[in-house]
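What follows is a set of structures for review.
Note that subunit A is present in both complexes that follow, paired respectively with subunit B and with subunit C.
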Partner chain A sequence: MSTGFHVVVCGSLVPDLLQTLEPVQGPAGPGLRNELMLPSVLDPWAAHALYEAGHLAATVPGTRVWLVSLGPKAKLQQLMMSIAQKVPFEFVAIDASASGFTDPVEVAAALADAIEMIPALDRSRLLLFGGCASASRDAGVTVQLVGERLGIADQFLAVDELTVSAQGTLTILERVEGGKYLVSEVAGPPCAIAWATGNRPEPPNNPQIGMLNMRTIMPALQKARLVQLSAPGTTFHGVELPKQERRTRIVKDVPIEEMAMEIANWIKE
Partner chain B sequence: METILFLTHPEDDGSLGRSALETLTGVVELNRQLSDAKFVAGFIGDDVSTAVAEASGCGAKTFYTVSGPDFKMSRCASDTAALEAICRASGATIVVAPTTSRFNRAIPGVAQRLDGRIDTHVGGFTVNGAELRIQRGYYRQRMIASLTRTARPWFLTFDSGVFPKWEGAPVAVQTETLNVKIGDELRKTNVTGYKAPLASVQTIRPDAKLLFVAGVGWTKKQADGQVHLEEAAKIILHILDKSGASLGSSKSLVDQSSEGQGVFSFMSHLNQVGQTGSTPRHPKGLAACCHGEEPHVVGWRFIGERRVINLDPNCGWAQGKADVLYVADAFELVAKVSELL
Partner chain C sequence: MRSTLDTDIVCVGFGPAVGGFLTTLSRAMVDADGNTLLESRVMPGLPLQVLCYERADDISFGVSGVVSKARSLRESFSAAQLSEIPMTTPVSQEQVLYLLDPFGASRRTSGVRAMDAVIDALKGALPWSDHAVQLPWTPPFLQKHGGMVFSIGQLNQWVGAQLMSSGLVQVWPGMPVNEPLFDGDKVIGVRLVDQGVDGSGTPGAAHMPGMDVHAALTVVGDGPVGPVGQKLNQRFGFPAGNHQREWAIGMKAVVELAPDAGLEAGAVLHTFGYPEPEIFGFLYVHPDRMASVGIFVPSWFDNPARTAYRYLQHWMTHPRVWKHLKGSTMRSWGAKTLQESGRRGESVLVGDGFARIGEGSGSTNVLTGSGVDEAWATGVQLAEAVIELAKAGKPFTKDNLDATYVARRRSSWVEREARIAEKARDGFSEGFLRGLIGIGITGMTRGFINVPGRARRPHERIPSIEQYFGDRIPADDIRKIRRQCRAAGTSLHDALMDRSGWPKIELDGSLLVSQQDALLMGGKVQAAGGFADHVTFVDTATCQGCAEQVCIDGCSGQAIMPGPDGVPRFDREKCIHCGVCLWNCSKPHVSDPERSNVEFSAGSGGLHSPIN
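Then we have the complex of A and B:
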């Protein structure tokens, strides 16, 4: 592969997974209490997609990586502080709500528009990356919707592994039912790949990569396009925390044989 | 008037899978409750005759089929073309499909082509006259929303475990076969088959009655100050074997493998449950050596009866989330349970 891929990673921010989340109803629909104050992280699956893109760029010469993120501009700037040192990428920012209650069709339209406007992007070499779901909307449809808008027919969901042969053929492992992988081969790009966890750990911070990325991050934030996301005809009748409080019976100071018998009988029921 | 389209595909053996039959129950119920609705069904696959026969008594007015070798394997380009053809032919306004890996991949593209809206992982619905309201989780099931949409077509995928499997006697039905041509441009992807994950034993059993969740505590120093990985592996495999359980794991345990630490050879990222893993639906769940709060507990939100083994009576994994907490050494207790099974 002499020319390399043009990898566009779609990834946005989500509230830090350890935060307690509480829904509130606002004039524009549901949201989270103190949403703008909650610390954010790059969505976990999108982060895996970014790390895989970084690995691809490091192994296939000529590969370029763009990260397209949709979220409030100020929060995107904070997010960049935590991920800019991970892998080299060129940043494209869209100033919009990152709420989980936004409509995926609207989000996909904004992302696809932004991708189409990347000047140096060669669509014939495009690998569209993203997470197989998000920790906010958790719909698992955005990458496919963006791919469809960009005319990409070959799409893969919940991918854990991508290998590139010397001839440029892509072999892709997708998670399917029963704890198995579906193995597919594609002649080459363009294709859309929504990643599951992949197999790569989080890269360590590299200040040199951070310096390199900062050259595109600040200008991208400054010219981030403001997009109003709406979902006409959608009505949320209520959002609530699941009522799953259980009365836990604690069994202690009981002979181990007695506990074992109780559990075994319960399993056999 | 709404036209409800039930979409499905057969499994490799030609029959309908559990999740398809559960979704069919939901669709039959939706059709019953929604006033003045028309119910049709669509099938894609290599040979869909067995699947059509299996669902023939569901009450659908028309059975659309797209079949042939091009639709045998799950391939996005051909699946999307087939599903689009069925949706257009039926004029469906509400399209319901099971949450399967095949449809999760293809249906969003169909929704885009038809300028529709899509909601996935639907966990229930209510009907008020002609208005359909669905329930689905947000923020990894940490909150549940009830919503409705006026945009059509409205694509919905129903999660498995929400409805019982549909059962009905087959009746003779006439299918409407749609001819969908798949050109070379849609055959760029060649599906070569299945591969088992890099694990020594297959421990993921979606149909199991019990989910056994192993936490990182199995890899920690025990009372004698030593780590007992081999013994832990033997005990976990023994209870899986004896109980027929599916194995789930916390993120901290599966992450150890990617960080190069010694972990269990039978465990992979596919076993991970929780905020960044799966949220399986089994009637019962038994967790041992798991610690953690909300993000981890999400992994067994859809488990019916939950029991926990832990040395800490205040464990966040258990308090208020499990039905029973056994305060005991998991190594000893789980081994004893296996003996009794």
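Then we have the complex of A and C:
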């Protein structure tokens, strides 16, 4: 593969998973209490997609990576201060709510529009990456919808591994039912890949990568297109968290079997 | 291969001091049309290249609500701008409460007991309720009328957003700075921490040596326990007569009050007297029924099993405090070391190529209990100095920084008020009542009269467990408790406090939660892999012979626990980077009596929560 891929990663922020989230009904619809104050992280599934894209860029010469994020501009700016140090990418920002109380069809439309407007993007070399689920709204359909809007027929969901042959063909390991993998051979891009966990660890923070990325991040934030996600025809009648009970015990080096036994016993109680 | 980067100015740590520095500097770097006013030497034609590295994974890492006169912040921002910062509200009322001990468990001297007896006898005539008496007035030096209640986390986040959107400075969280770089006695930049190493610092397959960032000026604002500030202290020492021997741990929570809490936004409550006389408490009410609550446990509280977390819970459940906190929910939690030596803890402020600002430089006012306002002001003062020098084309030498930054600081209200406060807390070294009288006299006489006291190093103060608890627990029982706790791998404080009469804390799962739950509910403990342990024990044989192991009982996150070989075991994933272990050690460093046997170095992670 001499020219490399054009990898577009769709990924945005979610409230830090360790925060206590409290849905509230506001005048503009449902939201999270103190939403703008909650610490945010890159959606974990999208983060896996980004790390895989970074790995691809490092191993396949000529590959370029774009990160397309939809979220409140101020929060995206804050998020980028840490994400930008992980993987080299070019940034595209869409200024919109990322509360989770949005319609994935609208989100997908906004993402697809933004991707179509990337000037240097070669759609014939496009690998559309995203998470197979989201920590804020587990609909798990956004990548599919974006792919459809971009006319990408080859779609793979819950992917754990992507390998590229010397000829440029792709081998994709996709989770299917029963703990099994479906192995697919693809001639090449374009294709859409919604990542499960992948195999790449979180890269260390590299200050030089951060400075490199910052060249596109600030301009992208400044020209971020404002999108209203009004969800016409959608009514949220109510939101609530499942009742939860905390019984924390932090342990280390406990065998998995022992952990499983303890949880099973607790459920039996 | 270690990479290098050349820049004009590199800042270490992003807190109020560096926020003030970058805010002031960035406004002077270009004109309204974007033309360069302060030109870079490393990138000619462009504005100064300014980088800031922050250890925590986010810039909103602060761990405290704060009440402040906010004079320096008001000079930097308009009222309309400040009102944009979430959780900010004007001070509406102030109260100082003396808390009596409803359980008879705290350790009160005969003088304190006599005071309690007088209050009890006169309670019908005093503003007494729920085992507390309200002072008839707030001493002028404590008053914050006209000030603001706000959140340092939200302030940092808001300031950081303004700075980044200017495009003139870059602030990078998640990037600890390991040490200053020297050329002789000149600081020529900083070295970032190595990644891809194991706990002992041994490089692994993914080793990435920390980058060397060369800069004409290194701005050190990494707080009271920051590794760069510590290394500068070790290299240059302190100005004659100065030292950093007084510390405190501030352990705090942000809670959502119940609707019937009976406190309005902007209410400020300060307490003293309970759970131990030496422990001070606070409750600041933000908008929307959010409140910052917490205690300060000072280094002159001589309990060798001092646990801030258990004391925080006893403070919360004091009847006078509980009447406001009952039904509350913990939203965030954290702890932070405070450098309590104030002006006397001032470090060497400048040298060739470096300048120090904020708390680590000794800017906190120990009489008024104010630090954020002063820290921000020192950042502004340094920025004004840098602007002056850059415009004049002068280098950042010690002499030039002395003539500009230090001169500004010396002629400012920060210095004037710090001088008044300098000896305010000396009396506490000799006892609670003496300290209380001393701080009152210093405040009332504006520093003309002070109650003296001899500042001792923390390790010189800490008694043995047998000495401290001997009057309440027989020696045989202490030995038994110690043996049981060692065997169970737990700290001593709970067993000792239970045995000495402290009531059990009944957990409610909402506000009163286990320490590990607070760790998880309170924010976010982050410890990305690939970093070395940042807490180490200098001489492990000393640890093995240490009967107190205060580091274990004092650890805010229960990250230091008994080790199988007698050496405390450090768990980086639980560390909230409060730095309390640095001064909660009863043994001196092998070569420097001003330090302890615990090293606190650069490390990644730590608790942060923007609502703190």
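Some observations on this one:
Please note the rule applied: the second predicted complex is superposed on the first by the 242 of 269 C-alpha atoms of A that agree within 3 Å, B and C clash if a C-alpha of one lies under 4 Å from a C-alpha of the other, contacts with A are read in each partner's own complex, and residues count from 1 in each chain.
Following the convention adopted for this analysis, a contact is a pair of C-beta atoms (placed from the backbone, for glycine too) under 8 Å apart; a residue touches a chain by one contact, two chains touch by 3 or more.
This structure is a prediction, so every number in the text was calculated from the model and none was measured.
By the document's definition of touching, of the two partners only subunit B reaches A:S136; subunit C does not.
In the superposed pair of complexes, A:T235 makes contact with subunit B only, with no contact to subunit C. Contact with both subunit B and subunit C is seen for A:R249 once the two complexes are overlaid on the shared chain. Of the two partner chains, subunit C is the only one touched by A:P207; subunit B is not. Judged by the touch definition given at the top, the superposed model places A:S82 against subunit C, while subunit B stays out of reach. Note on subunit A: of its two partners subunit C and subunit B, the one contacting more of its residues is B. Judged by the touch definition given at the top, the superposed model places A:V176 against subunit B, while subunit C stays out of reach. Applying the stated contact rule after C-alpha superposition, one finds that A:M37 touches subunit C and leaves subunit B untouched.
Shared contact residues of subunit A with subunit B and subunit C: 18, 20, 201, 245-246, 248-250, 252. Interface of subunit C with subunit A (complex): residues 3, 5, 53, 57-60, 86-87, 154, 157, 160-161, 164-165, 167, 170-175, 192, 195-196, 206, 208, 211, 213, 331, 509, 513-514, 516-517, 519-521, 523-524, 528-530, 571, 574, 608-611.
Here subunit A touches subunit C in the complex through residues 16, 18-20, 34, 36-39, 74, 77-78, 81-82, 85, 201-202, 204-208, 210-211, 214, 218, 221, 245-246, 248-250, 252, going by the rule given at the top. Across the complex, subunit B is touched by residues 14-15, 17-18, 20-21, 23, 30, 32, 44-45, 100-101, 103-105, 108, 135-141, 144-145, 147-149, 153-158, 160, 173-187, 191, 196-197, 199-201, 231-242, 244-253, 256-257, 259-261, 263-264, 266-268 of subunit A.
Contact residues on subunit B toward subunit A in their complex (touch as defined above): 17, 74-77, 80, 100-102, 104-109, 111-113, 117-121, 133, 137-151, 185-186, 188-197, 202-206, 210, 243, 255, 258-259, 269-272, 275-276, 284, 286, 293-295, 301, 305-307, 313, 318-329, 332-333, 336-337, 339-341.
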